[in-house]
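There are two complexes below, and they share subunit A, which is joined by subunit B in the first and by subunit C in the second.
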Partner chain A sequence: MKGLGSRIFGWEFALVLLIALAAAWSTYLSPYYLTVEQILYSTRHFVFPGLLALGLAVVVILGEIDISLASILAVGAVLLAKASAFGLPIVVAAPFVVCVCACLGGLNGALVARLGLPSLAVTVGTMGAYRGLAFIIGSETGYTDFDASYAYVGATRLGGLVPVSFLVFLALALAVGFLMERTVFGRRCYSVGNNKEAAWIAGVDVARLKIEAFALGGALAGLAALVWVGQYGSARGDNADGSILFVVTAVVLGGIDINGGRGRIAGVVLALFLLGTIRNGMGLANIGGPTQTVVLGLLLIIGVLRPVILNAVGRLRRMGPSGARSTLAD
Partner chain B sequence: MGMHTKTIAAAALLALALGGPALAKDSGFKLMMTPKWTGFPYFEAAGRGGKDAAAELGDTFVYAGADHADVSLQVETLENFLTQKPDGIMLAAIDLNAVAPVLKQARAAGVVVTTFDADAATEARDMFVNQLSYKQAAQTMLDCALLDAPEGGEVAFVAASPTAPNHTAHIKYMKEFIANDPKYKVFTVVDTQYANDDDAKSYDVAINLMQAHPNLKVIISSSAVSAPAAARAIKSSGHAGKVFSTGFALPSAIKDYLMDGSEKAFALWNPYELGYLAAYVTHLKLAGKLDIKPGVTFTAGKAGSSTVGEQGEIVYGKPLIFTKETVDKAGF
Partner chain C sequence: MPPPSLTARAPHRSLGNLALRLRVSGVVAFLILLGAAFAVLSPQFLTPQNLRAIVSNAAILAIVAAAQAVVLLTRNLDVSVGSIMGLCAYLTADFAAAHQGVGPVLVLMPLVLGAGLGLINGLLVAYGRISPLVVTLGTLSLYRGATYIYARGQEVTSYRLPRWMIGLADATIAGVPWLVVISIVVVALLAAFLRFYPAGRRIYAVGSNPLASAFFGLRAERVIVLVYVIDGVLCGLSGFLYAARVGTVTVVLASGWELNSLAAAVIGGVSVTGGSGTVVGAALGAVVLASIDNGLVLMGVPEFWRMFIQGAAIVAAAAADVLIAVQIRKSVQGRRRFRERGA
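And then the complex of A and B:
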C-alpha cells in the first residue's frame, strides 16, 4: 500500500511542477498573463468542464465511464431555460434541474449495473439520446432571457474579482474529494474499481454503488448547467457539445487510472489547473486553434503514459547510489 | 541662453508635447479579428484581407481563434482578446447572443466592435459589415436556383443554426420572394434543416432531405460548408442532374461539380474584400473619420465607397455568381 501511495503522490507533485512551468511559459508567451484579475477571470472557462470532470472521475475510479455528461449539461441548461420562462424562482428551479440530471445519470448507471451493459457503449448511446432530448426541450432557437437570479452563479464576481463559479467549483472539489477519501462510499468505489468480484464477495452492493456514482455525475452536470447559463447567457440543445474530450483529458491527466481503482480527486483538480493555465497562456498569445489542439492531445498522451513514466521514475529511485550494484547483481 | 534657461525651455516644450491638446490618433491601432473558426479558406481569406487593410493603414493586426465552431471557445477567444487591450475587435459570431456579454464589456471599455459575415446582437457591436443585404443574398441564391432548375420545383433550405441571424434572414426573404415574386413562383418550399456549418452533418442532412422529399429539386444552403457537401451527397447518391445544390460556396470547393455538369451555379462574394472592409471601417471609426449614422458615405481604400445603413449595418453588396464559365476567373 505504501508503494501505491507514494506513486500517487508522485504524480500530483509532478502536476504541481507542471503547473508552475506552464505559468512560467504563459508569462513568457504573453505580458498580459500574470495578473491576479486575469488569472481568476480565466478560471471561469474551466469550471463547467471541471464539474463534469469531478463526476467523471468518480465513475472512472469505479471502473466505468460516462461520456454523456456534456449532453446531460445541455438538458439541464434547457430545463433551466424552461423554468426561467415559467417564472420559477431559482431556488426551486436549480434543485429540480439537478435532480432531473441526477436521474439521467442514474439511468446510465441502471443500464450499466442492472443490465450489465458496457458503460462506454451505453453512454455513447445516451450521449446522443440526451443531446436529442435537449434539442427537443430547447427547440432549435434556444433561450437567452435569463433573469439575474439565474445568471448569478455563472456571471458574478465577488468584489469584481473572484468568480462565484470558481468558488462553487472549489467547494465541490473539496466535497467530492472528501467523499472519495474519507467516506465508505468512496472506499467502496476504489474497491469495486480494483476488483469488482472481490468487492461483491465482501458484501458491497456493486449495482447500487454504480447507480449512485453515475447519478452523482449527472447531478454535477446539472450544476454545471447552472454555471453555463449564467456564464454564456444562452441555453440551447448544442450547449457544451464536444467538450467531453477535454473532460476526459482532465481526468486521465489527473492520474485517474482509466481501468479503475486508482487516482485522486486532487489530481483531477490539479490537471484542470494545468490545462487551464496552458490554454489561457496560449489564448493570450493568440496561438492558433490547431496548435492548441496538438498541445492538449500531447497532454492526453502523457496522461495515458503516466503509469509508464511513474514506473521509470520509480526504477531510477530504486537504483540510487547502491542500487546500481544491486541491479547488476540480479 | 544660460544653461538653466535652455533646460527650462526644453522641459516646457516636452510638457507641451505630452500634455498639450490631445492629437487625434489616426494610426497604430491594435486590431484583433476572430472568425467562426480558423482553417476554413473562406475565413482565412477574410483574415488576409483584414491583415492587408491594417498594414495599409499602419495598424497592428492579430487573427486568432479555435479550429472548430464552438460557442464557448469563441467567447474564450474574445475574453482573451479583451485582456490584451485592443482598440478594435472584428468577429464573425457563431451565436449572436452568447457573445453579447463579452462584446458589451469590450464596448464599455472603449473598444470598437465590428461584426462581419455573421452578426451579433445589435447592442453588442458598433457596426456589422454584411456581405450582401439579406434580401440581396436571398435573391442571389434564388437566381442560382433558377439557373439550376428553370422550370422550378421543390426546394429545401439548409442553414447553420436558428441563431445564425444571417441564415434565418436569408430563409425568411427567400420564402417571401417565392410567395410574392412571379419570377420565383415556380418554386415550392418543402423543408428547412440545420447543419451547424459542419461538413459531415451537411452531407447527412442532404441525404435525408432527398430521402424525405422524393420530388426535391434544389437544396439551397446559406452556409459555404453545406452547399458543397450537399453537391457531394447528390453526386454520390446518384441524384446528379435530378437534384441540384446551390447557395453560397467557395469556388475552389465547387469547381469540380461545375466542371462535370452535376451543378450549374453557386454564388458568393469576395471574402478577402469582406475582411478588408471590416478592418478598414473599424480603423475609420477609431480614427474618428466615420460617423455611424444611416446615409453616411465613406471610402474604404481598395474596397471602394460604401454607405452606412440602418442600425450600423454596412452592406458590402458585391455578389458573384459562379458557373462553369466564370469559376476559374474567381481567383480564390
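And then the complex of A and C:
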C-alpha cells in the first residue's frame, strides 16, 4: 500500500510528464514554439489566473470556495486606474489596492464564517456585486491610460527576456507554498479542511482562519489586478470576466481536493504550467478560442474524475490477483 | 385525546410549514414593497403594458429558476443552464431553418436534447461523485464550445425560422402572453410533481437528509440523475422559448443565465444547502429580478447597478435563509429539551 504522500507525489510527477508531452506536441504543431523567448513570453497567459488560483487553492484546502476572485480583480484594476488618474505614486496605490481587495475577500470570509452562510451562495452573490461595484467605480467606459510606473509589473521584461510578472508569480507561489507547508497557518488550513469539528475542538479559531484565508485570496486578486493593468493596459468592470473556469480547472487539475483538506500548492503551479503550455501551443497552431474552451472543460472533468479512475484501476488490480487466488482455491 | 406521539409531532411540523410559508410570503411582501417603491419613483411602472412586459420578461427565467430550484433541493447545483439553453436553441433553430415547414412537433427536439445534456451532468455528479460545481462548470464550457464549433460563426436569423415559432412570442390569449401561460403551467406542474408524487418527495428527502434517506432505502444517485434530467428538459424548453422570443439565434444565446437563475432561486427562498424551498418561490424570485430590471431602466439607472443589487440580494436572501433555519433549530431543540426534561 502506497502512502498518501507518495501518491500525491505521483500525481505531481504525472503533471511534469504531461507538461513535457504538451511541449513536445506544441513543438510538433508549430515551428515557432521551441524558443526560450517564446516560452517565457507565453507565461503571460497564466500569470494573472495563476495568482487567482494560488488564492483559490488556499480557500479550497480550507473546504470552502470563492468564485468572486475574478470580480475582485476587476475592482482592483479600476481602483488602480483611478489612482493613476489622481496621480498617486504606485508605491502608495499598489498596497492600498491590495488592502481593499483583501477587505473584499475578507468580507466574503466574514459572511461565510461569522454568519455561517454557504460559501458558494455568498460568492455567487458577491461575484455579481463586486463586478457591479467595479463598473460603478470605473463607469461603463473604463480606463486605458496608465502612468508608466503602473505598467511596470505587468509589461516589463528584465533583460528583454524574463517578464517581471512571471518572477512575481514564482515568488508568490513559493511564498504561498511555504505558508501552506511550513507554517501553523497552513497546518490549520489542512486540519479545518479535513475535519472542521475536530479542528475546532483542538482549539483552532475556525472562523478567524477562514476570514484570513479569504482575505489572502482577495489580496492575491489585487496583485493579479496589478499584473492585469500592465499586461492589457485597460481597466474596466468586465476585466477577467469568465476566467474563473481556468482558475478552478488549474486548482482541481493540480490535485487539490475540491472538498478540502488535501492537495499541494506545487501541484497547482504545475497544473498552471500544463494549462499554459496547452493554451500556448494551441494558440500558435491557430486553434480557435472555442476549441480551447472545450479542451479546458474536458481537462477540468478529467481532473476531477482522476481519483475515481485511480480507484477503479486500483480495484481492478486488487481484484486481479484475488480472483486468480479464488480460482486456484477451487 | 390524541395519542402523545401526535401531540409531540404536530407543533414541529406546523412550525416548519409556517417558516416555509413565511419565506414565500416574504418574497411576495418584498415584491409588493418593491412595486410600491418603483410606482412612487416612476409613474409608468404600474401601467398594464409595463406589468405585462415584466411578466413576459420573467416568464422564461421563471422556468429556468424552477429547474435550478429542483437541482438545488438535492444539495447540488447547475451552472451549465445557460449553455444547455444555448446549445438546444441553436441546434433546434438550425434544424428548423434547414427543414422549412416543420410543425410544432419541433418542440420535442429541444426537450430531448436538453434531457440528454442534463443526463450527462447527472451521471457525472451522481456516479462520478464529482462536485456539482466542477462538473457543471466543465459542461458550461463544453456545451457552449460545442455550440461555437457547430455554428462556425454563423447565426440563425429570424426570417429562416418558422412563422409560428416567431409568432409565439407575441401571441396572447385573453390578453395574457402565451409565454406567461406556458411558464405558469410548467411551474404549476412541477410544483404538483414535487408536492404529490413519491418521486418528488424523494427529491426533498435526499436533499434535506442524505443519510436518513439512504437508511430509508432511497438511491440518491437515481434521484440526482432524475433532477438533472428534469433540469435539462426545462432548460431545453426555455432555450426554445427564448429563441422564439429574440428571433435571431446566436451562439451566445442565454450566456450568463446561470447567475440569473441562481439569483432568482435563492431570492425565492430555495436554500443552496438543499431540502428547503419551492419552485413557486423560485418563479416569484424571477419576477422580483424582472421587476428590479424594469424599474431601474424606467428610472434611468445605469445597467451595471443591476449587477450590484442582484448580487447583494443573493447574499441577503442566503443570510435570511440561514437566520430562519437557525431560529427553527433553536426553537425545535428548545422544545425537545423541554420534552425530555418533562419526561
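Just so it is clear, the second predicted complex is superposed on the first by the 306 of 330 C-alpha atoms of A that agree within 3 Å, B and C clash if a C-alpha of one lies under 4 Å from a C-alpha of the other, contacts with A are read in each partner's own complex, and residues count from 1 in each chain.
The rule is simple: a contact is a pair of C-beta atoms (placed from the backbone, for glycine too) under 8 Å apart; a residue touches a chain by one contact, two chains touch by 3 or more.
As the structure is a computational prediction, the values presented were derived from the model and not from experiment.
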item	value
Fit-or-clash call for subunit B and subunit C when the two complexes are aligned on subunit A	clash
Partner chain in contact with A:130 - subunit B first, subunit C second, else both or neither	second
Touching partner for A:233 - first (subunit B), second (subunit C), both, neither	first
Touched partner set for A:144, first subunit B, second subunit C, both or neither	first
Touched partner set for A:18, first subunit B, second subunit C, both or neither	neither
Which superposed partner A:290 touches (first subunit B, second subunit C, both, neither)	both
Contacts of A:245 with subunit B and subunit C, given as first, second, both or neither	second
First, second, both or neither for A:41, with subunit B first and subunit C second	first
Subunit A: partner with more touched residues, subunit B or subunit C	C
Part of subunit B, among the options 3-11, 21-29 or 39-47, whose backbone runs into subunit C after overlay	39-47
Touching both subunit B and subunit C, residues of subunit A	140, 288-290, 293
Residue numbers on subunit A that touch subunit C, as the complex places them	65, 111, 115-118, 120-122, 124-133, 135-136, 140, 237, 244-245, 248-249, 252, 258-259, 288-291, 293-294, 296-298, 300-301, 304-305, 308
Subunit B contact footprint on subunit A (complex, rising order)	30, 32, 38, 41-42, 45, 48, 140-142, 144, 155, 232-234, 236, 238-243, 279-280, 283-284, 286-290, 292-293
Subunit C residues within the subunit A interface of the complex	77, 124, 128-131, 133-135, 137-142, 144-146, 148-149, 259, 262-263, 266, 272-273, 302, 304-315, 318-319, 322, 326
In the complex with subunit A, residue positions of subunit B that touch it	32, 37-39, 62-68, 70-73, 75-77, 79-80, 83-85, 95, 97-98, 100-101, 161-163, 194, 196
